[in-house]
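Since the structure comes first, as structure tokens, the remarks are kept for the end.
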Amino acid sequence: MRNRILARAETPLAYAVLLALALVVVFPFYWMFVTSLKSEEQMRSLASMFWPSPVVLDNYRQLLGKTDFAAWYGNSIVVAVSSTFLATAIGTLGAYALARLKFFGRAFMASATLITYLVPPSILFIPLYAQIRNLGLADSLTGLIVAYPSFTVPFVTWLLMGYFESIPLELEESAMIDGATRFGAFRRIILPLAAPGVLAAALFAFTQAWNEFLYALVFITNVKLRTLPVGLSTFITGDVYGWGFLMAGAVLTTLPVIAAYTYLQKYMVEGLTAGSVKG
Amino acid sequence: MDQRLRNLAEQLDAGLIARREFLRKAAVVTGGTAAGLATLRRMASAQPKTKLRAWLFKSFVTNANDILGRQIEAWAKDRKVDVEMDWATFGDREPKFVAAIEAGNPPDLAEMHIMGPTRYKAVLRDVSALAGDIARAKGGLLPFAETAMKIDGKFLGVARYSMTTVFFIRKDVMEAKGLKPPKIYDPDVVEFARKTQDPSKDLFGFGQTLNRSDDGDGFMENIFWDYGGGSWDKEGKPALGTTFRAQNLKALQFAVDTIQKHKIQPPGVMGWTDVSNNESYMAGKLVTTNNGASLYYAMVTKKHELAPKTQLVLTPGGPGGSFVGSSCYNWGIFSKSKLADLSEDLIRWVEDEKHFNEYLQVSVGQAGPVYKGRVDNPYWKSDPNFEAIVQNILRSVNYGYPGPLTSAAVEVRAQHVLTDMAGRVVVGGLSPEAALKEAHARVEEIYKMRRA
Amino acid sequence: MATPAARLPASATLGRQRTAVGLAQWLGRDYRLGLLFVAPIIALVLALVAYPFCYAIYLSMTRKYVGVPPVWVGFDNYVKLTWDGFFRRAVYNSFVFTFGSVAVKVVLGMAMALVLMTHVRFRSFWTGVLLIPWVAPTVVSALNFLWIYDYSLGVLNYLLVKVFRILPQGVGWLSEPGTAMASVIAVNVWRGFPFFGISFLAGMKAIPGEAYEAAAVDGAGALQRFRHVTLPGIKNIMIIVVLLSTIWTFNDFTIVYILTKGGPGGATQVLPVLTYEIAFGAQRLGEAIAVALYMLPAMAAVIIVLARYMRRGRAA
């Protein structure tokens, strides 16, 4: 059943608030989209502000035909997806151990994971770059795939610790009484139960990786290996922005995350519900 | 089993259903990764063993960038080597340089800003021989460029071109009012702006930000010199709030007055970035502005209606003369490079007059001369507007003027000390005296730290 | 909901059945599997966070210019910052930026969660729509708002002046001291409130329906139910989200950097942007890192409080 905070009579108010919020959220994206279809002359003349007239596809044509945008797209997907898998795997194992297993130093490690959140990325990236280079991963997508978990794993671990703790202990016990090993119980009982939480954590890690800018800017020098946010920023050449061009890139960069979320957002809510942010 | 455990079993069931759904959705993602990893492997195996890494400046003049890229590719083919080119724009350059230098992984050569040789002298290779050869072949370096490239007696950069700023005027508006181009800011520009502007129609006489930006800092620096002041004295010691206090106060007051007293600037000008005046000018909202040739290029290549209505003139001056800060893009080779000879060869190739001329022809005035021999290139007579560009370059002075070009002078500029000062007056409500004092303290501190 | 909502006293019974001796006695019952499972995190944290972090702390105690070896100066950088007017203003601005943003995000997030708890139709569609700002790349959003705020060509001034005729003349949103900070805060809020909304929503969903029914039986109105059932029910989640967001907002670089670079006249200069300026503008790495680390003790306090609430949230 559904909790009711506002009674039915208050539903019109709810719609009003909802529409207002949706307008604030959607309008900038609409504006981005409209801009991407305008010619520069139209933009400067302030004519037909809210609809491109005529609709101009040059920005997209140029973006896909004359730049490495398509390659950057591929890079972003590779980096975001791979680093998400890595971070989710590491975080899931760690979270389970920290939430459920008894071993020396557990509490300390749980706190230490939290504390890594303290470290502002803006100071880390120079020593981190040196480290990535020591590992022979400078100027490669693998370098980013390895580096991104440094900021996604803490949250993933954290979210999942709460999730695992919310799963009743009896389930594991009864499985172990039936002869399963602890690992077996983890794999067959706990992990499936935690699937929505894992997915929520993975979505979170994906978003962060997809959006990351500073590391990608610094670690990658090969033009063909850039990720989307960095590639987009290189369209700001000198002191004149091509707004239409920039917005065309922005539209294409934003689409996949929006698609992923509309598809998977219910797990996000569920994951957070049962996860660490549970009150 | 009690009721509770039965419930749990049901929940487990529910969990398993969720798992199937999860797996189905995950399959979509996994497919993507598999494809991605395949690409990754292909990329990894495609990496050749030795290659020259060149970092290039991605200027706004994209045609010129393309030509430089093609020239370097042609060179690589001719010399049978691989070149990896990385293009970076204004804002992205410094983090990349810093990270690369600090991680011990700089490129072999880089196209640098005028600050490059001063800033990165500790990690740059002495290229005196090469710079000397090239300068001799082109009739020698212009004095400002020689000073900027030669640090402690050694050339650390091979000069390439100068990207100056000029004063843009709407010729049509000027002629309609029967006016002549202004020569000094006060009162010429003020009167010119007042007579031509029409705020009710969103047309403003002058568009010059005092915000922290290249445009803003360049203007502040110039105007201090125009009033006979500056941040440094002849010996290169801080003079902002001491030796030149009186002159600098007048200059600061004038800069602030353009906004607050004369009201010849559009609202919002204090938040302008380097883009804003270009946009406003092209939108027909400004009669005059200071900008680099990039704005002219943008209008000419896009056949903008204002391009033929635009006149470029010398940057206006003040009671102490008329000054323009210098610009000198240049090539630097990092001392870590194992391919120094190859890098030098590449520099010779692109600076060869035949190749440079190709570049110049599409630059629409952006690739201004730094060698005496390039001043007389017929290209500079091909458009009457180029005259101002060449003349502005010939009279330009370096950071630190009237003193030497020092690390401290570069840093004062890079830290936006002068625009911060203007901002403290216009935005922060400080008196010009107090803002000048505060800024002087910053200059002193930078000076002390750089000497330590 | 497919997840177990029942909350049993955790880690009680099994933990006491200690049978193993030897190593297990010292290292804990599950030390083998436990260490195996946390080993990747330990490796990651040591290699990619701890080592660079320690090196950063070291650098903050040196005078370090780019390309030149560091010179040890102890706490000089920190002492100098304490008396530096620009740094102090940046600290002040960072607090204004952070707390201003977080406060508005709480309000909007609450509104979002409440309306998504009602019987509106297509709820999951609306949830998806409202989440978009949070998932769109920050670089993209910041550039988009730079364009929206543009004085002469931006749509915001167009709407206010030409469409709704609220203002006689456009506003330089990012260029006037009165509006610049509010404008960057607005973008941070726009981007961040969906996380608040969705977390609050998750918390509200976990409140058992009986609690509301009981309140309704007692004759409580909507407002009272909100005060006496909803708010206490999501108190912990609110604290956690607020603290998390405080850290994120405090460290947010992209939005301010793209929109104002700290201007006009330092009115929006926040610590991460100042760090960046000193590191790359001035190329004084030691001092730059000191700027970033200066507020670490304060942030550590936030983290400790956060950790406590998270633990309490679980134990409850």
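When the chains are written out, they are named A, B and C in that same order, and each has its own residue count from 1.
Just so we're on the same page, a residue touches a chain if its C-beta (ideal position, glycine included) is under 8 Å from a C-beta of that chain, and two chains touch if they have at least 3 such contacts.
Since this is a predicted model, take the numbers as computed values, not measurements.
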item	value
Centroid comparison with chain C (C-alpha atoms), farthest chain	B
A-B against A-C, pair bridged by the larger set of C-beta contacts	A-C
Centre-of-Cα separation between chain B and chain A, whole angstrom	33
For chain A paired with chain C, centre-to-centre distance based on mean C-alpha positions, whole Å	15
Chain C, residues touching no fewer than two other chains	2-4, 6, 153, 276, 279, 285
Set of chain A residues in contact with two or more other chains	44, 126, 130, 168, 170, 193, 196, 214, 233
Residues of chain B engaged with two or more neighbouring chains	4, 8, 11, 15, 18, 95, 98, 102, 273, 279, 283
Footprint of chain A on chain B - complex, ascending	4-5, 8, 11-12, 15-16, 18-19, 22, 25-26, 29, 32-33, 36-37, 39-40, 43-44, 53, 55, 58-62, 84-92, 95-96, 98-100, 102-105, 107, 214-215, 273-275, 278-279, 282-284, 291-292, 294-295, 298, 302
Of all residues in chain B, those that touch chain C in their complex	4, 7-8, 11, 14-15, 17-18, 94-95, 97-98, 101-102, 119-120, 122-123, 202, 211-213, 266-273, 276, 279-280, 283, 285, 411, 414-416, 420, 422-428, 438, 442, 446, 449, 452
In the complex, chain A residues that touch chain B	40, 44, 74, 77-78, 81-82, 85, 125-126, 129-130, 133, 138, 140-142, 168, 170-171, 174, 189, 192-193, 195-196, 198-199, 214, 217-219, 221-225, 233-234, 236-241, 263-264, 267
Footprint of chain C on chain A - complex, ascending	1-8, 10-11, 14-15, 17-18, 21-22, 24-26, 28-29, 31-32, 35, 43-44, 46, 49, 89-91, 93-94, 96-98, 100-104, 106, 109, 111-124, 126-128, 130-131, 146-147, 149-150, 153, 157-158, 162, 165-170, 172-173, 182-183, 193, 196-197, 207, 210-211, 213-214, 228-229, 232-233, 243, 246-247, 250, 253-254, 257-258, 260-262, 265-266, 268-270, 272-279
Interfacial residue positions of chain C with respect to chain B in the complex	2-4, 6, 63, 65-68, 85-86, 150-153, 169-177, 180, 260-267, 276-285
